[in-house]
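Both complexes below contain chain A, partnered by chain B and then by chain C.
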Partner chain A sequence: MTDVTIVGMLMGNLPSIIGIIIGGLCIAVGVHFVPVGGAPAAMAQATGIGTGTVQLAAGSGLTGLLAAGYMYMTLSAAGTPGITEIVLICATGAVGAMIMISVTMLVGNWVYIYGVGVPPASAKKDYDPITGDSQAPYVAAGTVGQGLPTVCFVCGTIGGFLGGLGGSLIYCMLMWVNGDPAISSIFAIGVFLVNAVLPSYNIQGTIEGFHDPKFKRVPKAILACFIASLLYGIIAVTIPGIAMLTGGS
Partner chain B sequence: MDPAMGMGLVALMGAAATVAGCSEDLESDIGSQSNPNSQVQLAAQVGYPHRIFNKAISGEPPSNAMYCAVGAGVAMVLMSESVMSASPLIAIAIGAFVAALLNGVFSTTSYLGRNASQTRFNQYVYLDVLRNQILSLMGHAYITTFCIVLISYVMWNQNLIGHPFPFPVIALIWGLCVGAIGSSTGDVHYGAEREFQDFKFGSGLNAADSGNITRFAEAGVRSSMDNAWFCSKFGGPATGIAFGMVVFLDNWRSTAFSGWTAVVVGVVIVLVLVIYNRKVETYARKKYGPFPEYAGDIEA
Partner chain C sequence: MSAGGPGGEAVSAETANQVDAKGIGVGLIGIYIAAIAADAGIPYLIFLAGIGAVFATKMGADAVRRVCSYGIGTGVPSIGMLALGMGLISAMFGLAFGAMIGVSYVGPIVGLVVALVIGFVVGTLANKIIKLNIPVMERCLMEIAGAGVLVMTGLSVMIAGSMDFVVISEKVIVTGYIAPVFILGALGILHPFNASLGPDETQDRTLVHAYSVGAIAMVIAGVCSIAVIDPIAGIISTVVGLAIWYVTFMGFVKLVKRDAGAGYVGTGLLPPGAM
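Now for the complex of A and B:
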């Protein structure tokens, strides 16, 4: 009897599970856009932001989640948000994440330029795909670039957009399931981290954006994150549901 | 909420965030946490033993998220009516103190463990280094946690902003954010400039020189306090500005505008930042010019 009810619960919440999967895939693709250089970038030996993939993606995406959570509360005053409201909430989260990552990249470039005295450049391409500026003459000897040239900056904003969008969408879907901001926010953080960690195996420490050869590995991350998000979606739907089945509130 | 009150709160949060960002970066510089730690760790192994504090507890975002969530959790319990209904300011101060103690425990075990494991490279455990720097690490961690828990309290309090997330979760997210920003901005000043001051300014750091960190200060052997002094001139304040800008801009657009207007304003802010970044990049390329060693394309 209980099994049937769980299956029914999963079928009833199918749109939420699909939403969680879409959100997870957005995060997975977004992480590949974030230009991170890891430890070498912190020593100006690699192009990108001098921190870890997951940490920056999570930092920006979850900042967007805060904005999205507040917007959800404001809009839900007039009833459960529908698709139109969800689009606005996701846009708010995406823009919040974009602001965080853009400010971080800009100030990071200040430090590279004024504090370390090196111009932003990448050794992955001879010319910046967006501005057409030559890169190789500006790469310090014995390094693979430093700082954030325009192409990396733009990729970073796209990564922030996708990360914030995915995180907000997952939060909205979880709110549809259980209606509790506390449970939904903690679950959303969990889904976010899972989908940010899995693609980092593709990235292996450094990636610069869509022009990086590692970007071609995106399909593998999409498959892995699809499976992980599906599993997570099922768990996220059943955990609050089981409490209701067993008599809890 | 009254718009003037809303803007006042946003300004307060921006100011607190600026202080938090600055102290977070200086704390990581004193302790050599995060990515620059790789060089401190490597130095002894390649023949350069040193007296720099070494505490890679974890990446900065998770560790700061933990301190801030602990601080907010303690503050929330103390404020609860069933415990002692403490005033928010006292509760936040005690919460930040507990988080600073946690920082002290992690820093001590990390320093002792890491340096003890490097004895074979003549890297010893210096008890005076531990004694002198542990309190300044905890002090900076206290300031960071206090400011972030304060921001989170302003967001969470139902009479102020009234964010729906639980108090510790908001603090966790802001802690993660400040760690990510500190690790991305201020740490570069420490890792790429201060750790390698023997090399000519702007020459870049050849990967072959990894681990050859600067071990002698303006006077005597360099300590982590000297690093904090140097980084407080640029890296720390830059991190503060970054985190302050994030908190201020994100909250300002959602307080002053609503609905799609707030989204459009956010997009405009991002576009302005992209254009400004391009200006800064062009300035640097013109000012510094190509590297003199350049002799043909470098294979990626």
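Now for the complex of A and C:
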């Protein structure tokens, strides 16, 4: 093949590039929803899950990818998946990621409540935006909140939804291009990680959810991830599957 | 000395240019000798690709050390994941490009160039749009992405015994060996500084640690290659990796003892200097 076919692949796969960009943006926005507390949260001195953005994003993204991969295998038995099937696959991936992040938050809350002995509370708002519960009296002195109050839990679930949706969409788009599950999934992980790390720099490591003042920085992450995903989309669609290279089916 | 929190530029005995030159030079030469020898029917030299990957790991660890001493707010592991995220895409593109034009030997170099471009773009996005304002960001992300490509390519060539994209995708990606390659490569780049950071961090200790983690990745890749290509070649790689690990890890322990401000005892009790 020559360079001409690379240009041809780019033009022919324009829908896939757009899909990869949309998936990347979903992941970027999803990272802002996940209540990441980092090291302070691990010591119950800040609200959120006690680990870094990347670990959470990668965990939920990979769970979503597994779910989506299984659904893809089941649905593609009848032929190449169309738009309807892709909606189903992305929904499966999103639900998989939501389950993972919800279980993490639930068990984390058990540890905070019964293990550490702190009530879940956020210091960013006086009242929980969803339940209206008073927060300030429950925030321990010298900390910026602890555990995962209702609003953080709901935000985390939304974040898992967007992350899983984005990851599965990227996977489906790559499957359209190269038809190779192994290459597609490993590529989806690569695109996923880059789109998860850039927004985590944007929130500087910690965020509580949509009620956090840092959530207003979303547009910057969207712009950065748009450019990054465009670059990745262009690179990713020029990679053929093994079947194309060996001249097989 | 670089601090773990927001600090200044890291103090270096070995300059960035020297580390980069060794990382890229030894990395590429090792990968090429290994792949050319394996194509010529001598698979016993594939451990050279692993040695290339070890030097590339050190280059990535040094770049992580320089960028993270400014304090990036997200923890050191994020940048290692970013490295292999960028490296994975570039490495696969490079190898696939080589397969498409029918000259598989251009793969690692194309991958490296793509990684440098991606690293520059992502570094510029982080600095100009997300406004991290770290002066060495662009350069360090270029180095980290480059190290990611060389580590991925080196370990993949070591397992598959070839630089051909079809062979690598059958023997490394489809078999799932790409997962240990990915995570061990990332650990080699992110772990040395993550483990050594603090006010008394020194460059030689961090980089010796990088060699030893890189050698562990080489051992695991060697074990994987026993099942994939020639068993003797796989065992040679594993033994060479173990030897490198032993030497560098002992060197690391020696430097830890050198840098221990209060002295050390082997009993777990406080050393005399601390009391």
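In this text, the second predicted complex is superposed on the first by the 239 of 249 C-alpha atoms of A that agree within 3 Å, B and C clash if a C-alpha of one lies under 4 Å from a C-alpha of the other, contacts with A are read in each partner's own complex, and residues count from 1 in each chain.
Methods note: contacts are C-beta pairs under 8 Å (C-beta built on N, C-alpha and C of every residue); 3 or more make two chains touch, one makes a residue touch a chain.
Predicted model only: the values in this text are computed from it and were never measured.
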| item | value |
| --- | --- |
| First (chain B), second (chain C), both or neither touched by A:Asn202 | second |
| Which of chain B and chain C A:Ala182 touches, first, second, both or neither | both |
| Partner chain(s) touched by A:Tyr232 [first = chain B, second = chain C, both, neither] | second |
| Partner, of chain C and chain B, that touches more residues belonging to chain A | B |
| Chain B versus chain C as contact partner of A:Val194, first or second or both or neither | second |
| Contacts of A:Leu14 with chain B and chain C, given as first, second, both or neither | neither |
| Which superposed partner A:Gly38 touches (first chain B, second chain C, both, neither) | both |
| First, second, both or neither for A:Lys220, with chain B first and chain C second | second |
| Touched partner set for A:Ala58, first chain B, second chain C, both or neither | both |
| Footprint overlap on chain A, where chain B in one structure and chain C in the other make contact | 38-39, 52, 55, 58, 182, 186, 189 |
| Contact footprint of chain C on chain A as seen in their complex | 1-2, 5-6, 38-39, 52-55, 58, 180, 182-183, 186-187, 189-194, 196-198, 200-202, 204-205, 220-221, 223-224, 227-228, 231-232, 235-236, 238-240, 242, 245-246 |
| Touching residues on chain C, where the partner in the complex is chain A | 72-75, 77-79, 81-82, 84-86, 88-90, 92-93, 96-97, 99-101, 114, 118, 121-122, 125-126, 129-132, 165-166, 169-170, 173-174, 176, 178, 182 |
| Touch list for chain B against partner chain A, complex | 34-36, 38-39, 59-62, 155, 161-166, 169-170, 172-174, 176-177, 179-181, 183-189, 191-193, 195-196, 201-210, 234-235, 238-239, 241-242, 245-246, 249-250, 253-254, 258-260, 262-263, 266-267, 269-270, 273-274, 276-278, 280-281, 283-285, 287-288, 290-291, 293-294, 296-300 |
| Of chain A, residues touching chain B in the complex | 38-45, 49-52, 55-56, 58-60, 62-63, 65-67, 69-74, 88, 91-92, 95-96, 98-100, 102-120, 123-126, 131, 133, 136-144, 146-150, 153-154, 157, 181-182, 185-186, 189 |
